[in-house]
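Here subunit A shows up in two complexes: once beside subunit B, once beside subunit C.
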Partner chain A sequence: MARPAEIVCDALVIGGGAAGVSAAVELARAGLRVELAEQRASLGGAYHRQPSGTTATTSARGRRQWLRLTAGLAHFAIAPRLRHVFLGVDTDGLGLLDDREAGRVRTVRARALVVATGAVERILPRPGWQLDGVMTAGGLQMLLKETGEAPPGEILVAGNGPLNIALAADLVRLGRPPVALVEAGDPAKNLGAALRIATFPGLIGEAARHLARTGFAGTPWLRGATVTAIERDGARLAVSIEDRRGGSRRIHGDMVALHDGIRPNDFGLPAVSIGEPIVVRAGDCREVLGIRGAEADGIAAAREVMALLSGTALHRVAPEVSRQRRAQALLAELFRPVREHDGLRHLPDETVLCRCEGRTVGELRAMLAGPDPIGLREVKLNGRFGMGVCQGRFCADAVGEIALAARPDLAAGPLSRDRWPVRPVSIAALAAPDESRGE
Partner chain B sequence: MSGGSFLWRGAAISFRAGESIASALLRAGERDLGADGAGARLRYFCGIGACQNCLVSVDGSIAESCLTPASDGLKVDPVEAVHG
Partner chain C sequence: MAGIIGGKSVVVVGAGIVGAATTYFLSKRGFHVRLIEASAPASAASGAADGAVSVASKRPGPMMTAALRGIALYRELEREGLFAGLFKSRPTVMVAENDSEVESLLGHAAALAGEGMRLRHLEGDALRRRLPGVAPHVRLAVEVFDEGHAIGYEIVRRFIAASGVPVERDSPVTGLAANDAGTSVAAALTAGGAVEADHFVVAAGGGSAALLGLSEAMRPRKGQLVVTERAPALAASLPGSLMSCRYLLSKDAIRTAGEASGRRFGLVIDPLRTGQFLIGGTREDRDDTGNDHDAVGRLLAGAVRLMPALARLRAIRAFAGVRTAIRDGLPIVGRVPGFDNLFAAAGFEGDGICLGPLMGREVSRLVGGEAADLDIAPFAPGRFERRNLVA
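Take a look at the complex of A and B:
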């Protein structure tokens, strides 16, 4: 009993990046009616997002991929629903999309849901990481891609992993070299991993170009070093940096970009889908494989959907996915932090852990030191850790780590991830579909 | 869509075609986005709608400034000023 305002389709794909578009095209190729929802005003995802009216910043290989994917959308006449934010699945199994342009919530009756919501960055908590002017490296890269320029002020890039090098190179290209690039690992010394990465020609070439560009711009590349605190100093930010021997220095800037890796953006998704709609994940949302794995994984997800809909089991195999998995493992080895991870024991009590509600490391430690036996459930419900509007996306891992380091006896379990994505929805938008249905 | 200007705390902020509210604010040097209803500070962070730290009031509705395209004549304010 389809209601008038309801969108009916075979498969709803959430996320218009490489994986989502790839999955949508593959599903349409198999003859399925597909809807593609993207929260932004344009497709592209983290990688293929482009500033309007300026030169593309991705590689020639990247541009070819995007042309191929968008040609597929055109061929199968898939019109993406832009500015449609996925809210979840209601108790009747209907997908809910918040149409931000029209200001109303649309319901979607789909037999399958492909979730291709990409990755979220892993950002380790540090004193001062909650200050304005401190953002994720990916967040800063979004701004660069959106406008083709960097916001005003001096920028320091810090954390761990290859994305920071790519960001620093982008900043150099835009004439705004960062004041420093602080890296917890020491990829220059990790020759074994570097040699094996050379078997992935695309990766090593890209990294070498980024590094050469950053080096020539005179940006200090501080390896084996970590940011221990960010403080406000007048209108600027003072960043304390500790090197591998324990020596410290302070560097000033106006903005700090942090990034310590990425993880699937699968918060709020059910672990297993029961009945319809079938829920399948694609791309970085399933497993972080980067842009090279996303297209292949989108196709694999589409084939999984078709198999599940026809009631057959499918072993999901894609050679490119396996290859990119090996590349990611090597990158992780290459960038392995020089200093051993200490379970965040070094963090001072006043460090903010929960960015949404300002809950601190000290408050968590006090709770854990209490006489009553507690589990992560109590940490969440009584301590409100992981209860903020980000659903624990930026604190759940750190809270779990600190808790288990302090209390190895603690009842383990996920701190978050059992709710569908919570997003701001206006009452008017929720009420709108009923009016349009004339109920 | 072309560039133009929107109001932030009553003052005009210019933007370019295809730019989000968050990006236009940051280019104008506006990094502090005020407080939410509970008093927590808001500011740009992840850029993908995941952290919910850059919420603003756009013509009276709360939305992520990083996901909302800037458009001419929008009235943008800190969440606290409208819903606090």
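Take a look at the complex of A and C:
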């Protein structure tokens, strides 16, 4: 029984990045009625979207990809629903979209869902990471793109992975080289991986270009080093850095950009399911595979949906996806942190862990140390870890890791279950009258 | 037999608020308690409830009497320090939006006053001054004093920590085994083996039906709730929880709009210590813990109608819990007939946060061989016909 306000379709694709758009086009090609929802005001995702709302990509290959994908949308007359935030699937099997333009939540009756919500930055907790002036490298990069200039003051970039190099290069380009680029890995030394990565031209080319730019600007590139603390020092921030031999130094700055890699953006999202509605994942939200992998994975996801709808199970095989998986593995090896990961055992007790609720590492350890073998859900409820507005996006991984380090017997599991709303949603939008709802 | 030598061991089945309270009071009496839980403490109703510790919502009779005692115990345990920081003392404000609600609210207020509850009626300017955030169409408010709020899972944790009893998690009790004479329970059966004890207390919420052979009398009643982001100023403008009179109607068998689908809507807007609002809840004849857009939308539409500024806030979480209701609307508390060492405390429907500590203490008295302190005769387990208690 469809309600008047309900959107009815065969497949709802969530996320307008390369993976979502390619999945939508492929599903439409097979004759399915497709809806494509994107939370932002324009399509493109992490790679193709430009701040002005246009979607011009810098590399020629990237531009070709985006032209191909948008031509597909036009050809099959898929009108994306922009500024529609996916909230989850309810117990009636309805997909819920927060239509920010209209200020109301819309329900979607779909036989299948393709979740292609991309990746989010991973930020490891460190003492002082909650201070004003500390932000994520991705957030800063977005700011640079949007304003075309760097915020005032000296900027230190720290963490792990290629994105930090790209950010440093952007800062150099804007005439504001960072005071230091602190990298936990040592990509310069990992020659073997670097050589093998050369067989994936897209990947190494960009990194090398970025690096050359940063190097020329005289920014110190501290490899095998980590930020152990950030403190306020008058109007500035004092950043303590430890090198691979345990030596330490302090560098002052006005702003710190942190980034420790990316992970699938799957917080609270519905689990993969072969029942109705069918739920599959695609792109970075399934597995971080980069931009070429995303397009291929979108197509593979669409084929999986079609197979499931026709009652056959399909084992997803896509050569390009496997190839990009190898590339990502090499990239990970190249940037592998020099120091062994210690399950965050090194963090001092006073480190803030949950920034929304101001809960510390010590409070978590104390909860786990008692004689009663408390479980993760109890930790969440009673410790308020992951209970804040960010719904655990920033702390869930770290809470799990610290908990496991303290109590290896704990059953590992996600801190949050798949519950809607996966994002905070206006009460007015949820309460908006639905014609079917007789008052 | 262990029972004759020690006489002091008890198995408590279920670590919700009732089992946790029972464990605490038994430990204080020197019993050796094993608390056996199917999954984790507060994993069922006690971890998914609003936490009104309230007389206002009760009907005159044994439940109202029990609730008065339940609140008194909360205050006592707060004074003793056990509940320090967990009990928020605040009034309940019941509101009526139309003629028929005004009528039922006036009647209910008279009944509450008759039980000695302190309350006052608010209308016109006095109502607007006391409740500036409440919509102008609200006709009448009755502020019931001396009530409070507590969060179920926090109380559970406090009881368990204070009892020093480690919870035996992830071990469902699959049945109870009688002794040869069939007069006592000898052991609780779990996948890890039979657990013997001198006394057994079944406080397993909805799981009690199967263990006690009372499936006919018990039924699930799901409730959906929504939590908002923090809005300390708005939360502070409400002196206590705001309860629509419709809540009383939803508790009754009276048919309202959603009734056809076995679903009724009560409405309580509860300002929490954190500055967040808890908005609830539905009463549905089903036992899953999911949320649906239709119910959440209706709940919030009702909340916004009552308190328009809520429309500007964001909802950050929705959840649902399952209450265990008993056919005649009264819980089951007491010794189970036919067995000299088996006790039950379950079926508290929407009142177990308020009554849990009290009922835990009552059961600990029964196990200790004393008479209950409260008249629990109306809650006697023997009032229903039982099928197949023991495995």
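Note that the second predicted complex is superposed on the first by the 415 of 439 C-alpha atoms of A that agree within 3 Å, B and C clash if a C-alpha of one lies under 4 Å from a C-alpha of the other, contacts with A are read in each partner's own complex, and residues count from 1 in each chain.
The definition used in the following text is that a residue touches a chain if its C-beta (ideal position, glycine included) is under 8 Å from a C-beta of that chain, and two chains touch if they have at least 3 such contacts.
All values derive from a computational prediction rather than experimental measurement.
Trainee: Could you say whether A:Val389 touches subunit B, subunit C, both of them, or neither, answering first, second, both or neither?
Mentor: In the superposed model, A:Val389 contacts both subunit B and subunit C.
Trainee: Look at A:Ile241 in the shared chain and tell me whether it touches subunit B only, subunit C only, both, or neither; answer first, second, both or neither.
Mentor: Neither partner.
Trainee: For A:Leu94, using the defined touch cut-off, is the partner it touches subunit B, subunit C, both, or neither? Pick first, second, both or neither.
Mentor: Second partner only, subunit C.
Trainee: Could you look at A:Val361 and tell me whether it touches subunit B, subunit C, both or neither (first, second, both, neither)?
Mentor: Neither: A:Val361 stays clear of subunit B and subunit C.
Trainee: For the three-chain arrangement built by superposition, which of subunit B and subunit C touches the greater number of subunit A residues?
Mentor: Comparing touch counts on subunit A for subunit B and subunit C gives B.
Trainee: Touching A:Asp132 in the superposition: subunit B (first), subunit C (second), both, neither?
Mentor: first
Trainee: Once the shared chain is lined up, is A:Glu378 touching subunit B (first), subunit C (second), both, or neither of them?
Mentor: A:Glu378 sits against subunit C, while subunit B stays out of touch.
Trainee: With the two complexes superposed on chain A, say which partner A:Pro424 touches: subunit B (first), subunit C (second), both, or neither.
Mentor: Both partners, subunit B and subunit C.
Trainee: Intersection of subunit A residues contacting subunit B with those contacting subunit C?
Mentor: On subunit A, the overlap between the subunit B and subunit C contacts is residues 388-389, 424, 426, 428.
Trainee: Quick one: which bits of subunit A touch subunit B in the complex? Just the residue numbers, please.
Mentor: 39-42, 46, 51-53, 83, 85, 100, 103, 118, 120-121, 130-136, 138-143, 146-147, 149, 151-153, 255, 265, 267, 355-358, 388-390, 393-394, 423-424, 426, 428-429
Trainee: Given the complex with subunit A, which residues does subunit B contribute to the contact?
Mentor: Residues 16-20, 22-23, 26-27, 29, 31-33, 38, 40-41, 43-53, 55, 61-64, 66-69.
Trainee: With touch defined as at the start, can you tell me which subunit A residues reach subunit C in the complex?
Mentor: 90-92, 94, 96, 105, 107, 370-373, 375, 377-378, 381-382, 387-389, 391, 419-421, 424-428, 430-434, 437-439
Trainee: Across the complex, what residues on subunit C touch subunit A?
Mentor: For this pair, the touching residues of subunit C are 40-43, 47, 153-154, 157, 160-161, 164-167, 169, 228-229, 257, 288, 290-294, 296-298, 300-301, 303-304, 310-319.
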